[in-house]
């Protein structure tokens, strides 16, 4: 009953198998080998166009390099106030890009276009004192398990385009979001106006496979240098390519995301049915937020359930009562129905 | 006959096996899991004391974070003029540390203590205009396949200590150097006054396993934040721990380094015996530099040998004649005697 | 009737006279000359102890270097959400320090200790993901013309000390605040637990004279290099020393601040007495915020009054009605009673 | 007999007078006032075209912002190995631009085009490991008092253009060089292919007046933000404009540079005529380098002469004998013939 995070799971057997298989033989280093090229072509296929793609080992690296690629002096990138880039990356995006991150409000973990427009408006063109807008970044799926609908992405994109700002998507849980939306890589990104994607594999069954995808090669021009200067160019980069090769083959990535989403749905149902717990809000992916009696939470932990308490967002409606606690439960490719059902039993 | 680089090899089967074995089950993320702790203890053992150890995915990251941990404003780190940090890392050490790298001369790829002292002396204390000395970094084995002897490390260390500068060792080929010296981890580092080690596994049979080792935990105090801010903290960090677990078990690392060193010796013998080639200088590890007739080099490449031309160092004695070329040949754990012997045949 | 900003005024005649007088003769450069030393001694006198003092040319430089001197990797500095460092310095503090600025709420332009404590608590020790607290910075006088009382500074200081964080004071309008409090340099700073002061002269009659003052010389150890690396060490630095010499002589600085504060009081009285305007909030220094009928504001501008519209703070009580506007009026050493009275007439 | 540096002189009376005259009245801040605009127009006139010009307070700031404006990730700027940017700015150019400075050899303090081409060639396009060329910067007049002739600038410019690199000129002693060449601002810069100029006034009679000049406004697009983020935008920026107004009026700047150059010539003649001293090399501007018997140097200092010992450049021909010393003597607008003649007497 490990629901702490999807990164507590290891790697899917197909990933291990691919790593073992590609471990033999010699291959050109630093991303120039045959397997790298082949997997890059796979990215072209899934995004239905030629993309510039760069492999890195962490989602934070993908986000940071992505934002660095569109940086300006005194620049500001706009993100939701609960976004991973501003909450959980220890300033890496700022370190790589020298941008400031400006938090934007919005319900359900998603920026509202109005709040975004208002924040951008605080930085009038050529008024050097405040700095200048440089980028917008959204998290899909969000940190609280929700997803931006196609329309919602488009609405954010419209504001970004209106202000001439590139739009980045932190897709650490890209597959979970896409499956939840029943969308495609292109439909959820470039067709909606997204310019740069951090395409995550790690949380969905890889060891450490993240791809930074650009739809405009010109925008990506400095990325090889940004990545290398950030010490994120692997010499034996085929070990990332191998992970992606297996991940993207025969729809494994969709299958794994489908599984973890389904496990989360099963969990949500159990919580909704429980008298000792309720859903904090509706998510569509593999993160579930619940409000439990503190005694129930403690009892579950005693019985072996692992999960994190979660800070109560400002202005939360129907938040936890004094004797209640807000918790986060994350499912993964490795979560079993048995785990869910055992946890459901604990909720009574 | 792939002699381009040791990073053209993949991963040793024991590494793949460990990754597969540790892929199952859940484990605490971000370096806090049991396997991480266990491998950290192994580092204590091989260095014969408690060390602070941080896993990262690239040697450039280890070097950059190591230097960043001892950075000062306007600071300068001293390295050999052919060092990897100054030649091949795209400014990553400077990016992470905001230090300048000052090149120091010295024969055989190694800083001479006199040249080091002279360079440091150019930065008088409290003279803000030039900047201030901040660190010394040596590469062991060096970029040209030589190694610092124990005495040579101690001589550099003495200069560093005299100037109150921490001493870092870029050990991307740590094992090759140690085996060549018939030394031990502690004898080659902390016993000689080295403060920080980039302990490389990647070039010697891992996929991507580098450890940044500090002998003084106080010096390492900010490293967790430097690593995370650099986007170099892996969530599923056990995949690095697993590599090191296999690498350090039963002396595998020494065996692999011993093999690649032996293959390089065999290669050096073949070159010394050839009438069409000669050794550019004497190395002791797995990098061999040879001067060939350009026609011989071309013919070898046509027959399938792969290696890189190498820039002729300034002031090289007995350097290549106009019809000759300087090449680098690197062996690895995956190099076979057959490869060496086939190449020897090409040299006639 | 120029009320746009105190930096629209030029320099006081005593400043010009000092610059002219000290322009002759040769003097050691880069802050090592006799006049520099002499003015440093004056700072010791006014702060009643030995301080480390560094001259720079802009308040933004003083703030940025001050924060850089206490920076940590992944560090966060806490400031009021309307502070100059976060609103009006184009990211300079972040650029110099690589710190993030975290906004803290609080009424009347001042951080509340509770809000500060709550913000700091979001960065638990050794939890690398969020970053680590590094400093607290307050603005005295604040951006909206209020001042922290001695007790209020002490309350902020108590939180900072509790968390082992250095406390910086942005004193761009130090003199205005000190005169308003009827305090002394030491009482308003080091006696309250402030560690670093940006001591501003520019807005109070100098051309460009700012001093960065440290009470603990150890904390200032790297500042000479931070300042030089930031290109903020003047060769002919006596031109700043000369400004301060005149500024601090015979209480000129207090006289000028007293004058601008008095002009602001006269302005506040006129506004309070007007039927077409009201005070937005109570300030004690040389910045006055008023709510006017938009038509009144426009008419005043037409008659030659110059001032800025000001953004309405979130959650402002008794804010402007739809036909009203919030404006800022700043007085300076150069403001005359006549200007105030002419403006008062415009308000009717 | 102060020959330490031209920045030991204060300000010319005309500069003081202008500062005093412009100290009264109100004026728009942050470079937007009438005087700023008027002086910007003067720059257009002296460069015979519309230029983008930015005032800053130090030469290091001008150089650093200039290089930052053309920075690239992993980028390298090429400068002479004795250039001020690499020797005397404490890493400020690297700090602002995140570029590395690569030293280039060349006689007489000037880069040789061949050495420049060779250095650039070490950074092949798209080879991320070494980094990428980003800019070339020359110092005019050089650090050792020589000047690049028109042809020499053009030769450097040709290499820069061939490699698509912008060419920056550090003109801390712009006027001294221009007068020595009997050139004009345009002829010495844009007509030769220079893209960016740090136009110095400080060393030639101003307090602190430096202008960063761009011939291509597009190249300057980010400079307002780079300057502000570097804390180098003065609020009362008219105090710099006022200095330049006086400096550029009626050819004062040429007169002052002519004077200091003439004083240096007089000094060179005295040294050439002396039996106890000889010229280290031929300079054309206001820096004179001489080799004296150490006893002569000591005696001169005892009699009140002030100058700096200078490090002997590597490979210097006819350098100092063991009982000799290399010294630098700098003249300025404030140097008198009497000073020169008294010093000449000391040389016997």
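The chains carry the letters A, B, C and D, assigned in the order they are written, with residues numbered from 1 in each.
As a convention for this text, a residue touches a chain if its C-beta (ideal position, glycine included) is under 8 Å from a C-beta of that chain, and two chains touch if they have at least 3 such contacts.
Nothing here was measured: the structure is a model prediction, and the numbers come from that model.
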| item | value |
| --- | --- |
| Contacts common to chain A and chain C (chain labels) | B, D |
| Chain pair with more C-beta contacts, C-D versus B-D | C-D |
| Residue-number overlap at the chain A/chain B interface, same or different (half cut) | same |
| Centre-of-Cα separation between chain C and chain B, whole angstrom | 50 |
| Averaged-CA centre spacing for the pair chain D and chain C, given as whole angstrom | 34 |
| Approximate Å spacing (C-alpha centroids) for the pair chain B, chain D | 41 |
| Touching two or more other chains - residue numbers and ranges from chain C | 30, 74-75, 89-91, 95, 128-129, 131, 225, 228-229, 233 |
| Residues of chain D defined as touching chain B within the complex | 74-76, 87-91, 94-95, 98, 100-101, 122, 128-131, 311 |
| Parts of chain A lying in touch with chain D, wherever the complex brings them together | 30, 68, 72-75, 126, 128-129, 131-132, 222, 224-229, 233 |
| In the complex, chain B residues that touch chain A | 2, 4-5, 7-13, 15-17, 19-20, 22-30, 56-61, 63-64, 89-92, 95-96, 202-203, 207-208, 225, 228-236, 238-239, 306, 334 |
